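Presented sequentially are two complexes of subunit A, the first with subunit B as partner and the second with subunit C.
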Partner chain A sequence: MSVSTAAYDPSGPAGHLPSRAGEAKLRLDEWQLALPLALAFAALFVAPLLLLVGVSFFNDDKITQAGFGSWIKFFGDPFNYKVIGDTLLLGVKTVCTTVLIGYPLALVYLDLPARLQRVLLFIIVLPLLLSVVVRTFAWIVVLGREGMVNQVLQGLGIISEPLRLLQTELGLVISLTQIEMPLMLLPLISVMSRLDPNLRDASAALGASRWRTLFTVILPLSMPGLVAGCLLVFASSTTAFISQTVIGGVRLIYLPLLIWQQSLVVYNWPLAAVASLSLVVSVLSVIAALSYLGRRSSGHLHG
Partner chain B sequence: MMRQSFSRRSLLAGASALGGASLLPGAAFAKGSIVATTYPGTWEDAYRTVVLPLLKKKEDIDLELAPLFAMDQIGKAKAARGAPPFDVFVLDPGPRIVGIDGGLFEKFDGKKLSNLSKIPAGFTDDYGVHVSAQVVGIAYNPKKVPAPKGWADLLKDPWVSRLGLTGFQTTFGTSSLIELSKLYGGSLTNVDPALVELKKVLPKVAAVGLPAAMPGLFQQGQCDVMYTNTQTVATLKGKGIDVEFVKPESGAIAFYTTMHVAKGTTELANAYKYLDLVVSKEVQEALTKPPYNFIPINKDVVLPADLPMKSLDEMSKYVEHDWAKINPLRAAWIEKFNKEMAK
Partner chain C sequence: MARHRSFGDISYGFVVGGLATLAVFIIVTPVVVVLMTSFTEGRSLKFPPTGFSFGWYEQLFDASQSRQIHKAAFNSLEVACFSTLFGVVLATLASLGLARDRRKMARFADNFFMSPLVLPGITFGLAALVYFSTLGFRPSLDLMIAGHLMVTMPFILRTTTASLSQLDPALLDSSRSLGASWLYTLRRVTLPLIAPGIAAGAFLAFMASIDNVPVSLFLSNARTDTLPIRMWGMMEATLDVRVAAVSGVLIASAFLLMLIMEWTVGLTRRMRD
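Entry: the complex of A and B
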């Protein structure tokens, strides 16, 4: 995503190209700067990931007998395909709702005076400042049988029996939408606030309606931010173990719950490793597809 | 040792020693300190407030508490392979057996405890010492539903539509489902009847959640009946929530929380001093008081009034489960629960 936003940045290196030798020197310097992080990344992320792959190729929970047993067990069970499907679907639903609510909010943000922008930005970032446990339990209070939503609806006489919102996918998507919203809005706003306001005026001067301006000018130009937001929300909501289990309950089974059960309740680490790798691979493939689409759309703009 | 005045030099020496020691995990703890696990939540609060200052005062031992659930402790100890990250475990019966099988404990000698005579016979063995009891039964909200009589009532109206369920992740959940199963032809090793009966009423059930989420769901009125232990009931009551404990007709379930010395510990003597203090009258009595509400194992401690038994001896009549038989089956039960309860 950094690639796509950088490609869009009008004040980027393309503006004032340094000489060839200077560029090579710069690149070397940049590499040296990146080295500590690269080493830390290799030691703390790549190595454990390889260990995880290694552990998955054992048949028994004592990790003594090598083989494909855990893979065969996991993928031989149709139930697990449903779990993988449900997990990805939850991500898609959350992405859809955050886009539907977040995009208009970002448009509103653009038109606000600077002082109100700061207030709105604070409100947007607020969920990030609270612990996920607190946010999640707050949603229990809101969505519960005797929660705010039900009390208001019952008080207004709209419903007689309390609605079942907790422990349903609807309730989960509602709460994830709020919890993940900053991840959608922050990249979106950072890209959109760099759009040249003259573009909108030009579009209007050329006779385009406001809707047409939105779909043919603003939306394509905000694509890098939108894609980045979708990636973050998707990755975060598919792996949101606490929200999934506390708000969704354990009748809605997603991969993080399976991983937790296998690794920390029954201690079958090989099976937990297989489940973790399925989560990593399935989420990464969706993310790869999304960022490919994002690159294509920004390539289309600049190419 | 603590009274010596600090010069800048000794501070510097101390600081560099600490810095150096942090590179050597085995030697990171100075003499007179011990790392013990504790369960997150009430256990952590209680041990931090009651045991930690007492251990410092009486034995001059610094207690560092590592809040971890039982199976997390086993996992960490196994992963550390011989260099335990803590000196004392606190475990429930199931994980205790896993720890024994994994050879994670030092051989325990109850005679090293000065309080040995104060705890009932059989409360120490070669592996560790009982430090607390748990009694599991049914909790309900008396303002919302009548008192259920036994496990079977959970599956009937009006209770079933207000029921909060948990699966086999915890000791109390597993034990309760076993007892439910027994009423429908199941046994200690056969929980299928319970799952069959639960599945029949599943659309009515108010909540199926993680064990840790249940008190919150009860508090919020999402469910009004659940199986749980007396400690959770007492804690909820302490927060002003309408809740009562019922001993099921077929008997309440009892089990014991035990502590164990980690194999390979460098703080063996201190570990015994810690355990001796934990089972002492002073600590056990303090832990029975609100907001901790532990069930004591020291014979000199008077049991709190709202417990379902008058004495520790009465608990011997409660249902106890053999976790050596349950452990090998539990992984499959958890999977089965997932599949049967999944939407």
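Entry: the complex of A and C
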């Protein structure tokens, strides 16, 4: 049966018609256009990562003696567990603060007229195009001893001594909240603006309060955007080397700083390789768990 | 519709409105504060800035005083231009080959090429350093272009693939049935239609390269450092107010670039969708 329909199906393979034979061949070969990228990708991305995995299985920094020494050394030190834990916790805290103020902003965006929506979107996207270094530097100016926050609080007489905000985790989380905010807002707004506005109107017409509409209609439907935003913010804040070192200083140690120290200061590449692979595994496993939960929650909705 | 506003609705407006205002405040304030500080007369980053002058900008644009910053800026531009250029060629070709291919292998390749976006940049940076040193290369701008290409190419691939999948296949079929060759269809039909997608991706890739820290951190040395690395050094050592002036220049350029992209390809719309 499939043979007889294929002969009439214009989109099916029509190789036995002579006039189309050459064309069918060309279409079959279209995937070969991806070959240059595939080659570059293999040579410049896959090969370095495989080598990094290989280097991690050497015991000494001269890379002469193969073995599990670096792995044993890294995971034998309780300090490294604390660093991994602190890094993941920093990501979780940043995700929480960006959701807390980013989600309401996305809700307000939905209610704005189209012209104001464009302005707000512009404001949201602009920081994304600003260098992370500039955004980090901006927070040094805002949070410093003579910075805006301290000057305003002292001016209002709330505090007498300047607060220490730089080189604290609080200051770092505040800064990362702004630095990572666009990554939360863009997927959220993308999903939310596709929601059928009738759903909200229907919910209101049926007597639900705005809170109830939020938690039973908008929040479940915007879950894919929320999860995507959380993933991006988590991945970006746990690996934000510049912000972590400049605002966190040397006393707050996170995995990226550890990797940098081991590779470019101490020159112990095997240990740096182990640390960076631990970063990949710990960050990606949190991301995999989150996206699994996200899929399950949206699956419930449809199922 | 005069509906009775309950306590719940009022508290909703209060809480959501308040938090949203806080969000806008937190997004905008640092940018404004840096711009203000860059015009200070003083020698520190005190707020509010004392006086108004272009002094720090004059120092920044002075060829002899800020030679290293200028060198770093040109390095950044060179690396961003070349990595974007190669990225456009490789990613556009790959999208043309894979975007409308429904086979499992093609879907897998598409996702695989996106993986640099997920992998922590610092891990790839270290891997690239170990790899290139093992092969015997010394730090150079060429290596940096290769490294940046890998982490910025996915942006172009994504927007181009999105444009291609929105393309009406009937257009290509009619072009072909009217006797146009594959190449002619590509040149006259496909490319003009997906050009805005390629441009938006190229813009994002260019900005990602200019902004890249983790790859440059491992692949640059004092001679080949890029602007973000140089600025990081200036912030770590003594807090040089010229960093504020550099930030001012970067803020102004990002603002201008964004206006241009908004007018030409509708960037924010593309980023939202």
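In this text, the second predicted complex is superposed on the first by the 257 of 303 C-alpha atoms of A that agree within 3 Å, B and C clash if a C-alpha of one lies under 4 Å from a C-alpha of the other, contacts with A are read in each partner's own complex, and residues count from 1 in each chain.
Heads up, the rule we're going with is that a residue touches a chain if its C-beta (ideal position, glycine included) is under 8 Å from a C-beta of that chain, and two chains touch if they have at least 3 such contacts.
In this text the structure is predicted, and so the values were computed from the model without any measurement.
With the two structures aligned on subunit A, subunit B clashes with subunit C. In the superposed model, A:F79 makes contact with subunit B only, not with subunit C. When both complexes are overlaid on chain A, the residue A:L44 reaches subunit C alone and has no touch with subunit B.
Judged by the touch definition given at the top, the superposed model places A:Q167 against subunit B, while subunit C stays out of reach.
Once the two complexes are laid over each other on the shared chain, residue contacts for A:Q261 go to subunit B alone; subunit C is not touched. Touch criterion met: A:E146 reaches subunit B and subunit C at once. Ranking subunit B and subunit C by residues of subunit A touched puts C first. When both complexes are overlaid on chain A, the residue A:V134 reaches subunit C alone and has no touch with subunit B. Once the two complexes are laid over each other on the shared chain, residue contacts for A:V119 go to neither subunit B nor subunit C. Once chain A of one complex is fitted onto chain A of the other, the partner contacts of A:L252 are limited to subunit B, with no touch recorded for subunit C. On subunit A, the surface touched by subunit B in one complex and the surface touched by subunit C in the other have residues 137, 140-141, 144, 146-147, 245-246, 263-264 in common. On the side of subunit A, the complex with subunit B involves touching residues 61, 79, 82, 137, 140-141, 144-147, 166-167, 169, 245-246, 249-253, 258, 261, 263-268. By the touch criterion given at the top, residues 3, 6, 8-9, 11-13, 15-20, 22-24, 26-31, 33-34, 37, 44-48, 89-91, 93-94, 96-98, 101, 106, 109, 112-113, 115-116, 118-124, 126-132, 134, 146-147, 149-150, 153, 157, 176, 182, 207, 210-211, 213-214, 217-218, 227-228, 231-232, 235-236, 239, 243-244, 246-247, 250-251, 254-255, 257-258, 262, 267-268, 271-273 of subunit C touch subunit A in their complex. Residues 69, 71-72, 74-75, 98, 166-167, 169, 206-210, 213, 216-217, 220-222, 330-331, 334, 338-339, 341-343 of subunit B touch subunit A in their complex.
Note for the complex: subunit A touches subunit C at residues 23, 26, 30-38, 40-41, 44-45, 47-49, 51-52, 55, 100-105, 107-108, 118, 120-127, 129-142, 144, 146-148, 151, 174, 177-178, 181, 186, 189-190, 193, 204, 209-212, 214, 235, 238-239, 241-242, 245-246, 256, 259-260, 263-264, 269, 272-273, 276-277, 279-280, 283-284, 287.
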